[in-house]
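Here it is, the structure in full.
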Amino acid sequence: MSGWSETEMMVIAAARRLTTERVCFVGIGLPNIACALAKRTVNPGLELVYESGVYGADPVRLPLSIGDPTLASGASAVTGMFQLFAYYLQGGMVDVAFLGAAQIDPVGNINTTVIGDYAAPQVRLPGSGGACEIGINAGKLFVVMRQSARSFVPVVDFVTTTGHPPGGRPHGWGAGPTLVVTQLGVYEFTGGRMQVESIHPGVALDDVRAACGWDLAVPATVAETPPPTAPELAAVRDLDPDRTYLG
Amino acid sequence: MSGWSETEMMVIAAARRLTTERVCFVGIGLPNIACALAKRTVNPGLELVYESGVYGADPVRLPLSIGDPTLASGASAVTGMFQLFAYYLQGGMVDVAFLGAAQIDPVGNINTTVIGDYAAPQVRLPGSGGACEIGINAGKLFVVMRQSARSFVPVVDFVTTTGHPPGGRPHGWGAGPTLVVTQLGVYEFTGGRMQVESIHPGVALDDVRAACGWDLAVPATVAETPPPTAPELAAVRDLDPDRTYLG
Amino acid sequence: MSKVASMRDAIAALVGDGDTVAIEGFTHLISFAAGHEIIRQRRRELTLCRLTPDLVYDQMVAAGVARKLVFSWMGNPGVGSLHALRRRIEHADPAPLEIEEYSHFGMVGRYTAGAAGLPFFPLRSYAGSDLPAANANIVPLPSPYGDETVYAVPPLNPDVTIVAVQRATSAGDAQVWGLTGCQQEAAFAAKRVIVVCEELVDDAVVRADPNRTLIPGLLVDAVVVAPLGCHPSYAQGYYDRDNAFYLAWDGISRNPAILDRWLDEWVFALADHADYTAKLGEDRWQSLAPVPAPSGRVDYGSYR
Amino acid sequence: MSKVASMRDAIAALVGDGDTVAIEGFTHLISFAAGHEIIRQRRRELTLCRLTPDLVYDQMVAAGVARKLVFSWMGNPGVGSLHALRRRIEHADPAPLEIEEYSHFGMVGRYTAGAAGLPFFPLRSYAGSDLPAANANIVPLPSPYGDETVYAVPPLNPDVTIVAVQRATSAGDAQVWGLTGCQQEAAFAAKRVIVVCEELVDDAVVRADPNRTLIPGLLVDAVVVAPLGCHPSYAQGYYDRDNAFYLAWDGISRNPAILDRWLDEWVFALADHADYTAKLGEDRWQSLAPVPAPSGRVDYGSYR
């Protein structure tokens, strides 16, 4: 890890993928900084949507929450949550949604609800928020999360947000999860199953395998994620001077 | 008709009935002037609601339409029609709705849709507007209309707005039509059937019977509607100096 | 990426023969300028949707642009009938007009379902009414929780929705005050959207008061700047409803010959809405000018 | 007919043991002042409803006012967990807490159905998720028009909804800018409504800009004037969200003893929210003051 942290690499790798989308639904946590970074670097025209009721946000600071006052001030539109979820999201206006996750499985099912049994939880997680409907109604889903054998699991303890069910996603749904970015690598879905797309600099394939609860599909040659550039690092650090997200 | 017109008597008799209600949904046409008159005379605290999306209107002139700009300026609230119909009306916030009608029958079914057959109309009327849902969701319904053997009919040609069905109105509905005011008299409903409550000054019971398409229930002694007072006449004429409504 | 276009170009590019078209705005902000341009370009076989067809559709139907009308209240508010529409419906004169009829909340629910990507919208209406018998699209829907039954209406997704607004940016972010009707739902429900504004404003004006944004530019295909473009309807704070014209229309539309002459004189003989406003004359506009009544300011705060 | 009341009197009169209570406001305008008064008055057996329980319900649940939580996202936004809630749910420590869980749109739909007098609200969510298995109130609903199936959620009608707003009249007409969340739906859905405002304003202020009115006084039982009453949440244009407090809360709520001391010091030891704001101190409030960013004015016009 020379010159940048795991989290910086993860956020930068995530932001790089938001080059062509116009409307991005921003989830809470790491997606918040990844999307803000994308808007400041690869995609200044990116329209940020927040479930709190904001379209076309132009935040002058990095918000801790997705309902921060800086998201309303200077936005293109502020609307009720009914209109946001019904007309913007369910109405099909969102190209991509960026979410976090506690657990994900090989077919992209996401768990943000509970570790263990729902009725007798080992760890009670926050729950769906908007994730359940975002997963169905957004054009596609990008996931950014910390990877370990406990978060990359063969079967999630609880399906909060549906991934790629057997037989594929029903007509009328978005494409579902198409990208996962972690502190170790970048993953895409082929035939509805996750596979390695690139590994971050300084990370060994064995590290990736060790941090995955199933036998991960790995192509013959695995690309290395291009390292963060100086401008990328400057931008992400400028976004989070207190390192609230970057740690 | 000494000193006042039939229409003036009708509007004044209608306005007098809005003494205790707080929230009144104002229909187009004669109800518009009747409710405005009530607010200026018997019930200054009356909150006027218009399907165009206005609550608590304070019009400085008598509007020709129910979407006039004078209804929005100075109102307590202006809202979308979805919120108006869903939250204000269907949510049960409306005490009384004042509607007009082309035809009414003994059980209070109202027709504002068509004279003759729907598929081959003799006269195509405007249709429901909000009347159909108002009839179900308002606390009760007052009707103001011109009476004749062609408008007071045994069976309406088309039920636009339901009155008092056999077996009574279903649970969850408002009380339905409870008052009808015409240029000849005032009518109420007993056991779901219309009966004479009072006859306007200068009108004979035979006039009323002649202007009704069914054998109207008449109590032993029929009261006379108190004649318009000078203040009432001054107020209604001040409301409609061009006599757009008063003729 | 400005979307500003002339009305001529916007209608030519976005409204095609046979389209389902909604020129929305409840009494307020009805884009007569757009309706007249559609007449001028002699569109045909349109399905016209509006809660209240109003004079604009009476004119368009008289001009022969429509084959079908979807509506909930077909009259001249406070005046009486829309006679061109009645002739078509009562006497197929000069041709039949197909109708599809709802109540106001039914139409609002249809736009809402269309905007929200729902296959239906539920409402407490229609029970005991003959409307479901007259329109098979209005169907009973039992609640999944018990013995209650409501009614459902299907989504309405126009090919084109045309909404007039007080102000918009060149990107189409549109703000409205006064009556907002169901313009937001009609716009989100549409495949294509034309915003017709009284004023073109900088992005900063919109962003200084984002709660007023009814329609995001995201939805908008063309922005037409047409001051006074709603006459005889109105724009809150800009000009009054021309009630005298609504009253006069009754006499015009009663007589097909007079109505045809009116269309010739006020639509076909004019190149665009600028000609119309000029022809109407300064005195008329003066008589429709409201007394200013400014809102207050609110403070959004800047958070760094 | 002023409805202005002290928070003490409003809570005493309108919030009873066993009630279903919604203190709404999404991140913005969360009435901590009301939550603290409910704690102070030692209400018990409440069913607490909010999309995001947030710190206010972590505090209330820690203080023992609740038996059940209805929610859609239970965390400390951007920080982590609500530890008092987790102890109740994971370890029944010190007592079990019943939960009823939805997604955000599910909760919004529930308030919307409640506000609209509908027996259910349909939405495109939940398919393929385990949420319907965890909550029997979430049921599939076939469209009456064909082979599509959506999901339905039941109406939510709180006994009391408490909403904070920037300004209100003594009659309760309330105006909000910035995030409006689902406060309108939660208020229309409720049997009783308490409006907590930063500022009491004349009727003329509201009537000068009626499009900003979110909640009509018609619904409102009490108006409580509580400046700075949302801290550590915020009021757009009045004061900032106190993110430092949200970060600090993690350490407080992890330790029951520290949390109890915090409740003693910041709630029980104080008579009302005025004491709280004074105790917090001028420096803290200064640090939360935004730079002014006024909206423009619009003209509604006066029509005579």
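Order as written gives the chain letters A, B, C and D; numbering starts at 1 within each chain.
Simple rule for what comes next: contacts are C-beta pairs under 8 Å (C-beta built on N, C-alpha and C of every residue); 3 or more make two chains touch, one makes a residue touch a chain.
Just so you know, these numbers come straight off a predicted model, no measurement behind them.
More inter-chain C-beta contacts link the pair A-D than the other of B-D and A-D.
With respect to chain C, maximal separation of chain centres occurs for A (centres as means of Cα atoms).
Centre-to-centre spacing of chain B and chain D amounts to 40 Å, using the average Cα coordinate of each chain. Rounded to whole angstrom units, the spacing between the C-alpha centres of chain C and chain D is 37.
Computed centre separation for the pair chain B/chain C is 28 angstrom, with centres defined by C-alpha atoms. Shown for chain A are the residues in touch with two or more other chains, namely 54, 68-69, 72-74, 78-79, 86, 90, 137.
Each of the following residues of chain C touches two or more other chains: 112, 117-118, 123-124, 148, 177-178, 180, 184-185, 208, 211, 236, 240, 290, 293, 300-304.
Chain contact topology: the protein chains form a pattern that is neither a line, a ring, a star nor a complete graph. Touching chain pairs in this entry, ordered by label, are A-C, A-D, B-C, B-D, C-D. Looking at the complex, you find that chain C touches chain B at residues 26-28, 51-52, 71-75, 77-79, 81, 85-86, 89-90, 101-106, 108, 112, 123-131, 134, 148, 177-182, 184-185, 234, 236, 240-241, 243, 246-247, 290, 293. Put simply, chain B touches chain C in their complex at residues 28-29, 32, 51-54, 63-69, 71-74, 78-82, 85-86, 89-90, 113, 118, 121-133, 136-137, 158-162, 165, 170, 172-173, 244-245. Chain contact summary for the complex, chain D toward chain C: residues 117-120, 122-124, 139-141, 143-146, 148, 150, 152, 154, 166, 177-178, 180, 205, 208-209, 211-212, 236-238, 240, 290-304.
Contact residues of chain A toward chain C in the complex are 22-23, 47, 54-56, 58, 60-61, 68-70, 72-79, 83, 86-87, 90-93, 137.
Those residues of chain D that touch chain B in the shared complex are 112, 115-118, 173, 184-185, 188-189, 203, 206-208, 210-211, 213, 216-219, 300-304.
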